[in-house]
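Please go over the structures that come below.
Shared chain: chain A. Partners: chain B in the first complex, chain C in the second.
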Partner chain A sequence: MAERAEERGVIPAQLAARRSWRLPPIVQRLLTMPLRDPFAFVGIVIYLLFLLVAVFADRLATTDPTEILFLSTGKVAANMPPGAEYPLGTTNLGRDIYAQLVHGTESALAVGLSAALIVALVGTVVGLVAGYFGGWIDALLMRIADMALSLPFLPFVIVLIGFLGPDTSNVVLAVVLLLWPNSARVIRSQVLSLRERSYVEAARVTGASQARILFVHIAPNILPLSFVYAAIAIGWAIITEASVSFLGFGDPDNVSWGMMLQDAFASQALSRGQYAWFVPPGVCIILVVVAGFFISRGYEEVFMPRLRR
Partner chain B sequence: MAEAHDPSVADYRATSPEDGGGRAPMKLVLERFLHNTLALLAVITILFFMFRLMPGSPLAAFINDNLNEDQQKAMLQQFGLDRPMWQQYLIYLANLARGEMGLSFFQRRPVTGILLEVLPNSLILTLSSLIVAYVFGVLAGAWLAWKRGSWIERAAVPVVLATRAAPEFWIGMVLLALLSFKLGWFPSGGASSPGEAYTSNWQRIFSLDYLQHLALPVITLALYLQGLPLLLMRSNMLEVMHEEFVTMARMKGLSEWRIVIGHAARNALLPVVTAFALGVGLSMGGNVVIETVFSWPGIGRMLVQAVSVHDYPLAQGAFLMIAAVLAVMNFVADLLYMTLDPRVSHGRAG
Partner chain C sequence: MSALVELRDVVKHFPVSRSLGEIVRGRHPAVRALDGVSLEIGASDAVAVVGESGCGKTTLGRLMLKLTEPSAGAITFDGTALGGLSGASLRAFRRQAQLVFQNPFDALNPRFTIYRAVAEPLLNAGIPRAEHADRVAQAFRRVHLPDLERYLDRYPHQLSGGQLQRVVLARALVLAPRFLVADEPVSMLDVSVRAGILALLREVRDDMGLTAVYISHDLALVRYLCERTVVMYLGTMVEDGPTAEIVRNPRHPYTRALVAAVPVPDADQARAPLPIAGNVPDAREPPSGCRFRDRCPHAFARCAEEAPALRETADGHRVACHLDN
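Now for the complex of A and B:
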């Protein structure tokens, strides 16, 4: 703890020296946090690795993940064991599992990041507005949050996708509809205490507009909370997408880890013991979700020491 | 420490009664009851309009092109679908109150009957997994808190987090491949072996065959569920160990073991008990995937099948039943929280 306090003292000093590009201190701390918490650091490294895989997917796996491969004899290269040519073997229909795994990273990150962004945005705005304005606006927003929280998670996602059609954006929509209340509630209660602080009072006295107080004076202080919930939402969205695909409601045109698992399950890869088919996608999901846990944990430890023990 | 960013613990926190202190207990109970009832009513309403707004007539499975226009109209009238939406909604509510959820499109039987047949399977699966998970989680959590700072504690927390990060169905798949297909210890799915006949449902449930089928789904679900009680118990223990009454017990010269079991653990258990009640409701929803992996004839698998064949009345009924269990268990959790926490039950500000 002592070294942490020291670091906090060092950073503003460095900032003062480089005034020209000075970021708001809270943003600065948000960006440097991972360096201070080993768990969060590991989380960030995992994210970066997957991001690299997603960006360079076409180079890492040159085979088309949906292409049916043939042997030189003209037969379908079905259920090939892992080897030099196919690092993880092939599916029962002769598709390259390694290529699917690599390309699955893209859709996992797309689902996770877009859901996280929207959840954090909606949760933050609702929490800010409800906490700051109070009264009937607050009551209304919080009742809507209660309602969303009393929906059973996965059943709701399935029913919604059953209606709206098997599209990845519908998975994101369903996740957002169910996850925003958690962040909105916590942010709201934080805003309730922040709006009574003296610096907010001072801003009010000097004639700052409501919007300015809300977005310039209060919002930056709850930004770490938004990050915490965004990091959690990434994992939830990816698990939800995988579950939905596994249950057969996934986007048929999309190569995802969930689709791979569903494919393996439906084509008896379990009884054949094709571990190379169904173990790697699960491990990838665990890594991404755990990375989210670690990062949110880091933000909490650094920014909300009251929660730490 | 680890629990605060954990999604399920976040849920648990979000649904626990917030400002309980300072009000009369009876009034609080009524308030929570009203709150949960209204939430369920809201869910019912959302569901009604969702099913009405979706493409296609709700009678799609009954009306076909062989019927002429007059016959189709007569049928719509028979089902009350020619009336205004709000009247349909009231009829729907009145029917629900009588336990009437319509006919399944495909099975051509009342939905309520179908659901009541599979509900026991889901409840048995959920409760046995939760009991296994919570007994293990509480003991392991308390033990880890006691081992605070050791290498085993440092290694255990990320491992537990990883079990919570794994998709439930994937844990199920790996266990199936290893324990069922490879080693042949457990049957690979279903709730009873083909050819078995029982005179009553109870006889079936208490048969050895049923328990053999139940074992692997329970292990899978328990493995997924144990993380929450474990992390909760661990952090509660750490918190409680610093409270005054523990210091007091120490000053009285009680042994470390008695302090841990008799004083600290009792108090640390409180939120875990509430989490258990909530867990029943929450994992009923999550069972959707576990039941599918193990072809377990429960309500979650019923929902998945109904949605995929567009059997709307059955899907609606299954969803409502899961939502109802969730609402009831939320209320039970509220009650437990109020009874167990002296700060709330004695009306002092908490």
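Now for the complex of A and C:
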């Protein structure tokens, strides 16, 4: 009894001492991944740069990108070459290309990040529910996923925008509708195998609720997959927005890189040698998409090989 | 002595995907994991369930813990039918019946510290957090891991198999259950630590007065733990009786083969093949009549026609064999 009384005092104190706050291992690995994978590091640096540009866009480019500029002579400042006043020159309608490029970053990131967030959210929830509950819910969700996967990408986006109107949020909607099945399917199959693990059965036998099993014992294991699919969705969303804008179905009020390319193409910038008009937005699109690819690849390599035992 | 766990004509079939021919002929093939098992386990009894791989031992254990539902038949725990449990009554049952897993490397959430894993049953049972540390410490002492300091903040991959199995047992005991199922608790462990875990299981059961079911394919191991043994073959019980009796005087031809395969009391030795021909038949299409007949050296005409019922013999066994009638 004396021994017990002593331990009563000792053990909670020990435990309190070790309750020092510590990041869960999964977060630790998420944070340290870029240090181990140079490509992912480059990808993250590119994203951070674009993020800074988007946040400080108004200060980096003080000119309104849609404003038509005039020379002191009163003529429209059309097709100006790059110079001190207009770093990348002006368009054939006298708009500042540099300002368009900077503000295009905003719209690209807005499209990319919102699509990524929603794709990851929808894919994760559908994958968890289908995999864990199985039965007719699973069958129904997976048939819907199959249908979504069989849609042709760009034609579907264009038709949807034709119906709903040329709004950027409709581009995001289209991308989400097309991309959620990929993440949902992979997450579902992961859940199917996790569900059979002994420790999940152990949680059941010790009386854990369904919600606790699903969100505490299963979900943390598939979160890395959600990240991977989010990173992939960023690139796809930006490319889609650019393609749609380039094809002329974009939001006319929205300044984006795809719209710049479309503008340059339609006014024959290439034949006039106005490389500063279309090369920078093209390079930006490539950079963002490649960065997204590097990051998703990095997470894939860190998390997919095998869950730590 | 009243029964704590009771199974009556329990059947468990697992449907398997149908071939085109089977669909056309309107057949529903199924793995017949258990086919009519009736069993009473008295309070504070320790029962061994032995049989070859695939005979339905794990399925039996999972049914008794309501981890899966029977296709037919009834299971009761302390007089209450498991089929009717849900919500609060199910949670009450979960506090009383626990499981020790075959593979300790998979039985603990890799993202949980040892402390969190052992405290989880307390959390699920709604026991105030202030009591957790104390009760975890108590469970650790029970499984002879008194050196708390060393384990609490570790993750499962940092522990050895033997230590993990002790942690798994601590988690099972932390709620002080009445009923414990151990499914091949040492088969995945290094031979050097098996004896220690078996001794611990024995000690824990004696100390806590647990009702226990030990599942094994090895008669030699359970002989040490259980007074009573149930022998299973392809989803049916073929013999049931006191362990000592079964080892000394096996009645069913299959039990005889199992006993003959038991090596000299040295659990470390590799198992000898059973001294009977052939393999366990496909559980989808078991032989007619007695399921053991195509491997049985004594099979005769009646064995193909009629499935032998489990009958009491003079020396207190129950045996399902036509030879005994």
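Worth a mention:
The rule is short, and it goes like this: the second predicted complex is superposed on the first by the 285 of 309 C-alpha atoms of A that agree within 3 Å, B and C clash if a C-alpha of one lies under 4 Å from a C-alpha of the other, contacts with A are read in each partner's own complex, and residues count from 1 in each chain.
The rule is simple: a residue touches a chain if its C-beta (ideal position, glycine included) is under 8 Å from a C-beta of that chain, and two chains touch if they have at least 3 such contacts.
Just so it is clear, the structure is predicted and the values come from calculations on it, not from any experiment.
Once chain A of one complex is fitted onto chain A of the other, the partner contacts of A:P220 are limited to chain C, with no touch recorded for chain B.
Look at A:L154: by the touch rule set out above, it reaches chain B but stays clear of chain C.
Applying the stated contact rule after C-alpha superposition, one finds that A:G207 touches chain C and leaves chain B untouched.
Using the contact criterion defined above for the overlaid structures, shared-chain residue A:R188 touches neither chain B nor chain C, since it reaches no partner.
In the superposed three-chain model, the partner touching more residues of chain A is B, compared with the other of chain B and chain C.
Contact with chain C, but none with chain B, is seen for A:Y199 once the two complexes are overlaid on the shared chain. The residues of chain A shared by its contacts with chain B and with chain C are 307-309. Note for the complex: chain A touches chain C at residues 7-8, 11-12, 14-15, 18, 24-26, 197-199, 201-209, 212, 217, 220-221, 307-309. Across the interface of their complex, chain A is touched by residues 1-2, 4-7, 10-11, 14-15, 35-36, 39-40, 42-43, 46-47, 50, 54-55, 158, 161-162, 164-170, 173-174, 176-177, 181-182, 188, 235, 238-239, 281-282, 284-286, 288-289, 292-293, 300, 303-304, 307-308, 310, 315, 318-319, 322-323, 326-327, 330 of chain B.
Residues of chain C touching chain A in their complex: 65, 67, 90-91, 94-95, 97-99, 101-103, 105-111, 115, 120-121, 124-125, 133-134, 137, 148-149, 152-153, 155-157, 168, 171, 175. For chain A in complex with chain B, the residues that touch the partner chain are 39, 146-147, 149-156, 158-160, 162-163, 181-182, 185-186, 228, 231-232, 235-236, 239, 242-243, 246-249, 258, 261, 264-265, 270-271, 273, 275, 278-279, 281-282, 285-286, 289-290, 293-294, 296-297, 299-301, 307-309.
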